[in-house]
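Labels run A, B, C, D and E following the written order; every chain starts at residue 1.
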C-alpha cells in the first residue's frame, strides 16, 4: 500500500511539544463541544470516528484493505443491543459483549481472509461480510428490517443515568478516548513494529521467523474488536441496531472516511468521519442525491488527494514545521 | 417417475436449465471482470453499474429513439463501452502505477455516482422493457416450459464467451493483450500502443457488462439497483475461478449458476450464500482459486 | 582457513529434492549436505535453479518431492517462519530490508522475536530500547554504525546488502543461506562482507549462491554446481574448476 | 395554548435516494404541500411550514434528523417515515419527546402494536390490511388455492403468515410455499415450483424489486396465461407503472387508494399529476391526508400542543379524498377502507395511468387489527 | 569505417530512477553498420543507457537522435517504428505465449527483416520448440528467441543487453556466430557485455562506462594498448 507511514520516531522536540499542545486543545474542544453542538450528532461522529480509526489500524498499519468491516461494527451493535435489551445487561457489560462478539467474528472471518492478499483480501472480506449480512437479515433476534428497537441506555456502573444526554456524551467520549488510546498504543508497540515490518517486506519478516499470518490475524481481530467497540457504543447512543450497520455500504463508508482523512494517520480518520457524518446530515435536507456526492468524493480523493486531509496537511510546509511530515 | 434427490427428474432437468441461464449472466460478467483485471490489474467495482447502464441504455434507446432490441444489443454495449473508454482515459490510467487498491476504490466511487445518478432520474422501482416479439413465448420441452428468450440468452452468452475466449487466446490482438499483461513496457517498446490497448480493454470489459445488461433487461426489472448486489456475487465467482484466468471465469460462472439453481430447489434459504460458502471452501483448499496460478 | 575436519557435521541436508512448476522441472534430484563451520557454495548458470533450491530449503516453496532435514529434524512440511526459528535464516537475491524503517529498527525487528518482544501490543515502543545495545554492536561490526538513523531505503545498494546480512546475523542462526550476497557491491564492500562471512562461518554453517568466482575460490570449502536443476559436479574449488563439464556449462573453456 | 413558536412545522422524513425512493419520495413532499395549500396555508392565523429530509434508509440518520428537528428546528410533527426500522426508531424518539408522528410509509403492525405510542399514528396501509385485502378478498373472488413466494426474512414471514390465515379462514387452502432470499434477481426456480403446485393463486410475500422481478418473470414463463393468478402482497401504483402493464396484467394487489375511483379522487389525482408528472399511490395520498388531518386537529383544539392535538386526532373522524370515512383507534391506527385491485390488460387501458380494476372493497374494520387485539398497551 | 553516417547519436544523456540520478551526461555515437560495445562494471549505468535510449526509462534529459528521429519526443510505442530493436537484459519472453507467438508478436516495421524460414534456419532449436510455451526454453534458447524476434521485423539497429549473461559457453559461441552473420548483413549493433573476451571478438569500437558517464572510447585496433587501463577498471 502506498500509504504514508506513521509518525516517525525522529520528530523533533518542538514538533512533539506542538503536537501535544494540539492534542490538549482537541481534547478541551471535545469537552466543551456538547455545550455548543448537538450532542447526539457529536456522539455519532465519535462512534464513527472510532470505527474509522479501528479500520485504519488494519489498512493503514497492516496494509490490509477490508471491505467487510461493517460486519464487526453492525455485528457488535446487534450483540450489545440484544444483551442490553433482552437480557438486561448493564451498558458497560453490553458493550464488552459487543466487543467480544466482534472479535470472535473477526477471528472467523480473518481465518479465511488472510489467506489472500491485496485485492483478493478485499473481495473475500466483502463476500464474508455479505454472508453475515444475510445471517442478520434472517436471524430472529435482529428482528429483520424492523431492527432491534428501543434498547435502553441504562445506568453506567449502576448509578450514572445515561438517558441524561450529557452523561451519555461523556461516556461516549470516554469510550472514544480509550479506543483511540488503544489504537495508538498498538501502533506504537513492539507488536506494531512487527506489523509495520510485515507491511514493508513480508517475505523478509517470514525469514526472520515471524509467522506473519498470525500477526495479521492478530491485527485483524484487534481491528474488529475496536470496530465492535464503536458499534456497541453506537447502539446505546441511538438505542437501536439495524441492518444498515451490517450492509456493505457501511463498509464502503468507513473506507471513505479513512481515505478522506488520511490512511495511516492517527487523526485522519477522525476528521474523515466528522466530514462524512456532517455531509450526510447536511445532504439529508438538500435534494442532492447523497450517494452521488459520496461517490464523487471517493473518486476525487483517489485521483488527486490520496493522502487525505491530515496526510496532506502533514506533508505540507506547515505540517513539516510542526514535525508532522513523515517519510513517504 | 424417475426421482433424483426426492424430486422428479423432469423438475430436476428444468432446474438445471434455469441454473444454466443464470450462469450465462454470471459467466459474461465474470468474464469482463477477469479481462479487465488481467490487463489493468483493476478490480472493476463499477462492473455492476455498467451492467445496469447496459440495460438502461437499451431502455432509453427504445423510448427516446425507438431503437429496437436487436440494435440495442449492439448500440448499448458500444455506448457503455465508450463511457468506459472515457473513464479509463481520464482517470483509471493515472492509477496504474499505484497500489491496485486505488483502482478498486475509484471504481467503487464511480459505481456509487452512476447508480445514484440513475436513481435520481429514474427512481428505484425500475422501468419496463419488453421481450422482443420473435423471442417471446416459449416451447414446451416436456420437462419444462422454456421461454424462448431464455434459450436465446444461453446461446448468445455461449457465443459471446467462446468468441471472447477465441479473441484472447487465438488472435494476434489477443497475443498483444496477453503479452501486455506480463510486461506492458516491453510490448510497448515493440511498437504496440499499449495505452490504447488498455483503454480498449476497459471499454471491452465495460461493453461486455453492458451486453449482459441489455440481455437481462427483458428478464429482470431494469432498475438502477440491478447490478449493485449482483457484483458481489460475481466477485465471489471470480475468486473461486481464480482471478487471472479467462477460461476459469467462464467455467466457474456457468458452474456456480447451476449450483445456485439447484440450491434454490433443495435448500432455497441458502441460495444466496451458497456461492460465498463455496468461495470460503475453495480458499481453504486452493487459495489461488480453481483455475488460478499459484502466486 | 578451513576448520578441523573432525568438527565437520551435517546440519542441513536435502535428499532427492525436486520441484515442478506446472510441467517444468526447475529442481531435480538434488542432494545437498551443508556442514557446520563450512562455507558451501552453490553455483551455476542463470536459471539453473539455485534460488529455487534456497526457496525449497527455507520452505518458501514446498518441494514436489524429496526430504529436507535441519539439525536432525525433518522439516519437509514445516512452515517457513518455524524453520527460521529453528535457526535456518536466509537472505534474498533482491535485497531484502524494511525500507521505511531506520537501520537500527531493521536490526531491532529481527531481535524482537528471540527477545520475546513481538506480540506485546500493550507495551510502549520504548521497551524496544533495551535491544539497542545488541543492535549497535552488530551494526558496528559490519561498519554501519554511522547510518543507524537513516532509512534503509536511503542506503546504497551495497550497504543494503550489508544491513541485510547484519539483520540476518542478529538472529544468531545455525545455518545461514545467502543468495548472491556480493551482487552489486562495490569492491570495498565485497572485501568486508567476505571477511564477515568468514568470521561467521567459524561457528555456523553457510550456504551461499555466488557468481563472483574469485570470492567463491577464496571463501568456500565446498562447491556444488547446478545446471538445469540438477547437480553437475561437486567438490572443492580445484576439483570443480577442473571438471570439464563445469567449464563447458559454467566457467567457460577459456582460461581465466 | 396557541401555536408554539408562532409556526406549525411539519417534517416529511422519508427515503428520497434509496430503494424506496419511488414509494413516497420527494413526491410525498409535494403531496404534503398540496395539503397545506388546500387547508388554506395558515392555521389559527399562523404560518404552516413543511420541511423534508432524505433519511437515506439509515435509521441513525433519521434519528439524528428527528431529534434535531424536534430540539432545534421546532418541528411539531414528523410524517411518512418509510421503512419499518426508521419508523419504529423515530416513533420511539417522538414518544420520548412528546411529539406527534404519523406514519404512512412503513408496513409493520408493530407501530400500533407492542411499540405503539400515544402520539404515534399509522395512517395508510399495514401488513395486516394487505393480508386481509389480498388473502381474504381474493379467495372470495375464486382464488381458493395458494402457493407463496416469500422473502426469507421477518417481513416476508409475517406477510405470508397473516395472508395464509385469511386464506384458510375464508375457506381457501395453502398448497405450499418457498422462501427466497432477499434481492434474488432470478425467480424462475421458485416460479417453476409454484407452477408445479397447481395453485390458483401465487402470493408474492415480498416487496419492491423482488416482487417486480417475480412478476416480470412469471409473465415470461406464461404463468398468468396458464391460468394462475399472481397476487402481490405489497405493491403500489408507482411500481406497477415501473413494471409496465404488459408484464403486470392480471396481477392482484391491495392498495388503500386509487385515483380513478370517484370525481374527488380523480380531481386530486389530476392536480397531483400536474405537479409531479405521476399519479399518487396510497403513500403519497396518505401523506396528504395525514397532513390535512393534523392541521384540522390543530384548528379544532386551537393549539398545536401535542397532548391536545393527539387527543383530537384520536377522536376526530377522517373525511378526505384518501379516507372518506376513516377513524382512528386507541392504538393510533387509522382505520379506513382498502381496495382489492387487479391490473388491467394493456388493451383495456384508457390512459397512461389507467392500471387498476377495483375488484372489491375491504371495509376498514375487517382490514385492520382491532385496537384491543393489537397488543398496544394504550388500547387495553 | 568512420566515414559512414552516424545512425545513433546520444548527447549529454542524464537519467533518473525516481530520485536517484544514474546517468550524468552520457555521450556516444554509433555509425551505420558498426558494432559498438559498452563495457563497464556492474551498476555503472549500461543498462540504464539502453533503457533511456529506447525510452523505457522516461525520466531523462539530453538529446537522442536516431536515423533522423528525435527519440526524446517520441512516445515509447513509436520508437520501434524508427527501426530500433531492443533486446533487454531479462530477455522478456512471454510465459503465456508460445515460442512462435513470441516470435510473431512485434509488428513488422519494414520488409528488410528476415523471413520466418531464415530465422528458423539460423536458430534450428527454436523451430523444434515452436509450440511450447516461452518460459520452458533454456536460458540460451530464450536469448536466441529474444534476438530472433527483433530480426524478423526488420530493424536497422539492434540494442543488445548482455546477450551472453549466464549462458553456457557453447551457447555464447553460437550467439557470437549469429552476431557475426548479422554484422555481415550490415546490421548496426550496440552491445553491452561483461564478457570481455566475447565482446573483443566482434566489436569494431568500445566505450567504457564509469559512474554514469562514458569515460573512454576507442577502436578495436587500439585494444592491446588499452589493456592495462581496462584491467584496472574492469579487472579483466
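Criterion: a contact is a pair of C-beta atoms (placed from the backbone, for glycine too) under 8 Å apart; a residue touches a chain by one contact, two chains touch by 3 or more.
Labels paired with UniProt names: A, B = ABC transporter permease; C = Amino acid ABC transporter ATP-binding protein; E = Histidinol dehydrogenase.
The structure displayed is predicted, hence computed values, not measured ones.
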| item | value |
| --- | --- |
| Target chain E (Histidinol dehydrogenase), source chain D, minimum contact steps | 2 |
| Partner chains that chain A (ABC transporter permease) and chain C have in common | none |
| Pair joined by the larger number of C-beta contacts - A-D, B-E | A-D |
| Farthest chain relative to chain D (centres taken as mean CA coordinates) | E |
| Chain centre separation (chain A (ABC transporter permease), chain B (ABC transporter permease); CA means) in Å | 33 |
| Geometric centre distance via CA averages, chain E (Histidinol dehydrogenase)-chain A (ABC transporter permease), whole Å | 54 |
| Chain centre separation in whole Å, for chain D relative to chain B (ABC transporter permease) (CA means) | 36 |
| Interface hub residues of chain A (ABC transporter permease), defined as touching at least two other chains | 134, 138, 289-291 |
| For chain B (ABC transporter permease), residues that touch 2 or more chains besides their own | 116, 119-120, 269, 272-273 |
| Residues of chain C touching at least two other chains | none |
| In the complex, chain B (ABC transporter permease) residues that touch chain A (ABC transporter permease) | 43, 91, 94-95, 98-102, 104-106, 108-117, 119-120, 232, 235-236, 238-239, 243, 269, 272-273, 276-277, 279-280, 283-284, 287, 295 |
| Parts of chain D lying in touch with chain A (ABC transporter permease), wherever the complex brings them together | 16-17, 26, 51-61, 63-65, 67-68, 71-72, 83-85, 88-89, 92, 108, 110, 115, 152-155, 181-182 |
| Chain C contact footprint on chain A (ABC transporter permease) (complex, rising order) | 5, 9-10, 185-186, 188-194, 196-197, 200-201, 203-212, 215, 218, 222, 327 |
| Chain A (ABC transporter permease) to chain D touching residues, read off their complex | 38, 40-41, 44, 134, 137-138, 143-147, 149-150, 234, 238-240, 242-245, 280-281, 283-285, 287, 289-291 |
| Touching residues (chain side chain B (ABC transporter permease), partner chain D) in the complex | 11, 14-15, 18-19, 21-22, 116, 119-120, 123-128, 130-131, 137-138, 144-145, 147, 149-150, 218-221, 223, 225-226, 229-230, 261, 264-265, 268-269, 271-273 |
